[in-house]
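Notes follow once the structure below has been shown.
Letters are used for the chains, namely A, B, C, D and E, taken in the order the chains are written, and counting of residues starts over at 1 for each.
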């Protein structure tokens, strides 16, 4: 499980010949898990494959084959797939290099689409990132994930099994669309959670501005930044898929890609709004800190300013001079009290005028 | 009534097949209300329809038909309209997904225009948003609104009834223009209200900078941000309508769309100005907080600096040493007073030199 | 006289049919004043017209006619001119809607140029804005101003009367150039005044940073913002006029428009410089406020830190315990003084080391 | 000597006919100084001309003529040159209007290049600006400078005299290149000086942050801003000269202009870096001011917090109640001392825990 | 070893004829070190050359020749290479001018690629920069480095020696790719180190915000800025190499350059993220300073506000008036204590209500 910050282990790759696949992510799975579908409008096959070779015969069938591979540690499997489906060595390297930006590469025979699958575990501050690579060919889709502990594709599997919607009637381009759509839909969930957290923070911020809330706000800001970084290049990817560039995408599928493209623009818009709101809350926090300081200082000033002159007066008549006429007056003590009360009243009047109390 | 922040319920849609219309807004209306006009230069028909099928015969008449639908809950009605007027499933989904950005989609036979109708209820801080979708065809306009509690289109209805201006002489593109213009005109009203509120805040800010005013300023900033977000994509929509791209828009109508386009640019300009002014007021607020702190500290410092030395002098002669010659001097007490007055005068001179008093 | 902030009265227009001219500015003139020139290289006619119809015969003469109209209240006059010179209804609306951005519209037969005439009255903080619209036709220029109380065109009138420069030899495009140039030249004056005010503020800022100066700086910033807003779209207008787009502009006049275009770029540059300087002064102001606070606090700290321990010592020997050996020492009092002086010296040494004194 | 701020005297020009040259700079030279070279690969002539007519015969010779004119006051000379070399009136105006932005104008027969020659006199804060205009024709270069007190071209003169490099073998385009290169090289010197000053300030900033250093930093920032403003439009000028646009620039000279273009990009890069560093130092200054305030407050708080309770204890036993049992205890005084020491130790422990001491 | 700031010695070059190579870097190496490879798929030659002429015969062989030159002081060697390989004089100047921006120049016969080799020595704050220039010809690559103390190319040498990967099968364009890739890979290492340092700082920042950490953060920010400055123009270089522009780059090599191009985009992305995180930490630092001040002030205020009134009460009964009835009361002293305890409790209650304790 990688974290939403640039913690690359790219240094492992320094100096290796290009095209050498090196898995730079953290070790994520014990065993590579291969699972595949083969379907057309009328029927479907679903199976967990023991070896990758099991899936190979489907390449030449006209039906749509979806091979999903969880875990990138076993470079041998990647090698075999690469050889069988005719994949360029640099593509293999891209698949295991989990520090990629989202991107689209069109190799004529097949497309490589690299995406980030984001999930926000409960109560977590940082987004959990998994890189998903899709190879979209004439009649197959091969998806690579980093881990085997659940993904956002189960809804797609159900739709294939139950023949919901049009998915079984369409080709691999539509399947790719459905997979990307499932990933993009999860971005909305992260946005929703972030929006709710922000509203919660807004309320506590006004009541009790603590330094912890500032750190939470910065964590949220960072998360939004990360989300933006993941979605921004996706826009270009989807833009290209919805135009006439990619041969693999049939004309009637383009409108679907255009639709997710609209979603990404909407996500970026909302990210911007949330970022602006976060920045605004940070400013409010900082100014409320200043306001608190002002209040503290006012209390100190009021107390000091009232009592310091009074103490001085008391100090005067605490002096031990032999000749101090006031000390012998009968009403001296009472007069001092009156004087003190006058001082206090003058001070209070002054503070009232300054609107401090 | 949705609020001006990303409070999506998009999560409801996660995993559904594309083209499944799901109303993600808050429940807004009890019953869907269908109302239609059919007019040409010479006559008009206006009616509340019980069922949506009532309106269908007008599709094939050469006169202009405007069907207005308030409420998006009843997906069945949408379904029927979609089938009758030949609308793409993704368009149906767009209409009910009220979290759309303003956009224009040209499907050849008809245009989909999505807009935000903004109103600012009295004394409210946040803008009330309603999504309006227009389907503009060869001889019809279908408008979809989220709610049934009044809209900004009543003036258009009056113009049709009274045959004011050129509206009855023109086609559905002009009707679409008039509807969009009515929506855009309301943005100006929001700007005017915001400008007035800002001026009001400017005055109270200088007299009495309270934390509440800061929150109001941030609320205003957020509102302007939201307004900007709603208008920005509209510029592109209107730009496209005023160019030769859209087949549905007749040549002599383009100048009208160009005119609203100028208005949106003007709105964006004014939004920027107001945002800059808001930012300026926030800065003035923050610096006036600092200035207040300075003033408080000055008072404390002046009082302390004057009385602490005096109290020290009094403290000296409050000591009980047996041998303190000054205590026995006849004028000792008077000399101490003179000394104290000199200290005060020196301090006052110092403060005057520092320009603190 | 409108002010440099978005104080629109656009709400008056809400819901009116497009092309309905409504004067949204403040009422500015009692009577519409019509004045015209008709000139060629050899002779000129100048007259105040009683009715607008007086000017109409000049339309068909080959000489250049310049009709200047002060005051936009009388919509009837506008109507007549519009009909006689064949002006599109939306143009009429643009002319009276004084909240326009500067713009250029090419209608083939004539050009509409909308500009802002800015003047900065003596001692005023805010710029005085007047919208000027120019209709440039084959052999006429019609200029519309909001008010009748003086404009920046008197120099042009003199040049026509005295046949200075090439103006009488050239066509209406050159006249339009001369009018725009006169307006743009006044922007430089505003820049000069602003620059001088800024320098004045810089000097007082360092000597005596008062909150008033901050407000002045923000007012200046706003003025520059406004100037920028007025000039920015002008660049595009002039850029179009200096290229081959506009049919109305003859080839040898383009170089003149290019020249004013250079001026607007220079104005924008200077505005940016002044804005940066203003921002810099605001920062200096804020940091000088902090520096002042520091100074105040240092004085308080020095005085308190010296006298509080001394008062404590005096307090000790002001106690009334029966058994306090020091009180009976013959040199007790002297020793206390020595002790106090040592404390003061230690403190001063400490402050010196901290570089506070 | 004009200063690096927009101190225009453009107001002198308001209302004058276009093409009227008015010298808007400050009076800079007593007498206009005309100096010329005429050279080819084999020989050269160098002379100070008494009258401008002296140079005119060289126009028709195939050798390269470089006329350098120091001082722009004498408009008559400009007039004569303009007439003899066929220069457009607006160009003449551009040459004397020393508030121009750097620009290139191609008139077919000749090029006008306007540049800023910047020098930074010793110990000066502000850059000294002089506008240099170059007219580059088929076999001549005419350079105009504002003043006669030394320029950056002496190295070029030496290279012509000594026939160093290829200058004598090349045409006027190469001479123009050499002149521009000499000017651009001086920008590097200003950058170097600024960089050194910045490093110097960085050191003193950390040791002793005084308000003066803040003003110096802002002055530096302004200087960099000004440098950027002078170089930015130059990039476009040189970009155009290095492309195929300008007929006057021979193909093999383009690579030289491309080279200076690279230099300007490098200058802009360095300006950005220095600006970022300046901004960083300003931030460090501001935060060190806050840190100082914190330190001052800590000292005050520590002293106050220790002695105020002690003084209170002493005050208690300074009361004159008849019945105060402690006063009669034999060890009363000693016990009070013990109590006070305990208070001090508790306070010190508290401060230590808070990491204030 | 040059430092990551603009410390040019360009002034050395002022006024020299163009094409004069002047080494502006700091003296970096004692002796120029020439080392070369000549290889094809089957064999390779590797040698340290005594004189540069040794390498010249390889120019005409079909095998790939890689000449690496460490040290730019000896301009004679550069001269000889330039003459033998037909290099333009301005290129020679570019190679020794180590203040170049990364750039690509295509001279038809050969390419000039200028890059920055960045290394971050242990515990160092500033990046160590070395300029690397590559001349890529039909069958040779000549690389120039500033120093002889180790570079990032040793891995490439090993791959040539051991015939790893495809390097020996490919041409000079692939070798150039491998060299650039090695340099770019080191940028990742700097990013990793910076990311780790940032995380370390984040932890100490929260525990103990000291001014030193602020300086470290600004140093890091500067480093990232510098990294960005080095990588940004590289993007354009690699973009050009991966498109069809450069004749020297064979079609099947373009995909490799596209791959490094992706890496640079990724680096820029990460730089942005790290910069944002740094800015966030700086903000947290500043606000924690404010929070500390608040805490200090609270302690001062609490102590003062409690004890100042108590001292005043004690002061009252320390007065020496002859007639003070309370002094004679038997329980006077006890009552005063009770009064004081009540005052303390009231204060504590007040502070509790204000949430200060």
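Heads up, the rule we're going with is that a contact is a pair of C-beta atoms (placed from the backbone, for glycine too) under 8 Å apart; a residue touches a chain by one contact, two chains touch by 3 or more.
Bear in mind that the values here come from a model prediction, so they are computed numbers and not experimental data.
Superposition of chain C on chain E using C-alpha atoms only gives a rotation of 145 degrees, nearest 5.
Although chain C and chain D carry the same sequence, what matters here is overlap: shared residue numbers make up under half of all numbers found at their interface. Mean C-alpha position of chain B lies 43 Å from that of chain E.
Distance from the chain A centre to the chain E centre is 26 Å, each centre being the mean of its Cα atoms.
Within chain D, the positions touching two or more other chains are listed as 290, 293, 297, 300, 304, 308, 311, 315, 318-320, 324. Residues of chain D that touch chain C in their complex: 5-11, 13-20, 88, 90, 99-101, 103, 208, 211, 214-215, 218, 221-222, 225-226, 229, 282, 285-286, 289-290, 292-293, 295-297, 299-300, 303-304, 307-308, 310-311, 314-315, 317-320, 324, 326-333, 336.
Across the interface of their complex, chain C is touched by residues 154-156, 159, 164-167, 177-178, 181-182, 185-186, 188-189, 191-192, 195, 206, 255-256, 259, 262, 265-266, 269-270, 272-274, 276-277, 280, 283-284, 287-288, 290-291, 293-294, 297-298, 300-301, 304-305, 308-309, 311-312, 315-316, 318-324, 354-356 of chain B.
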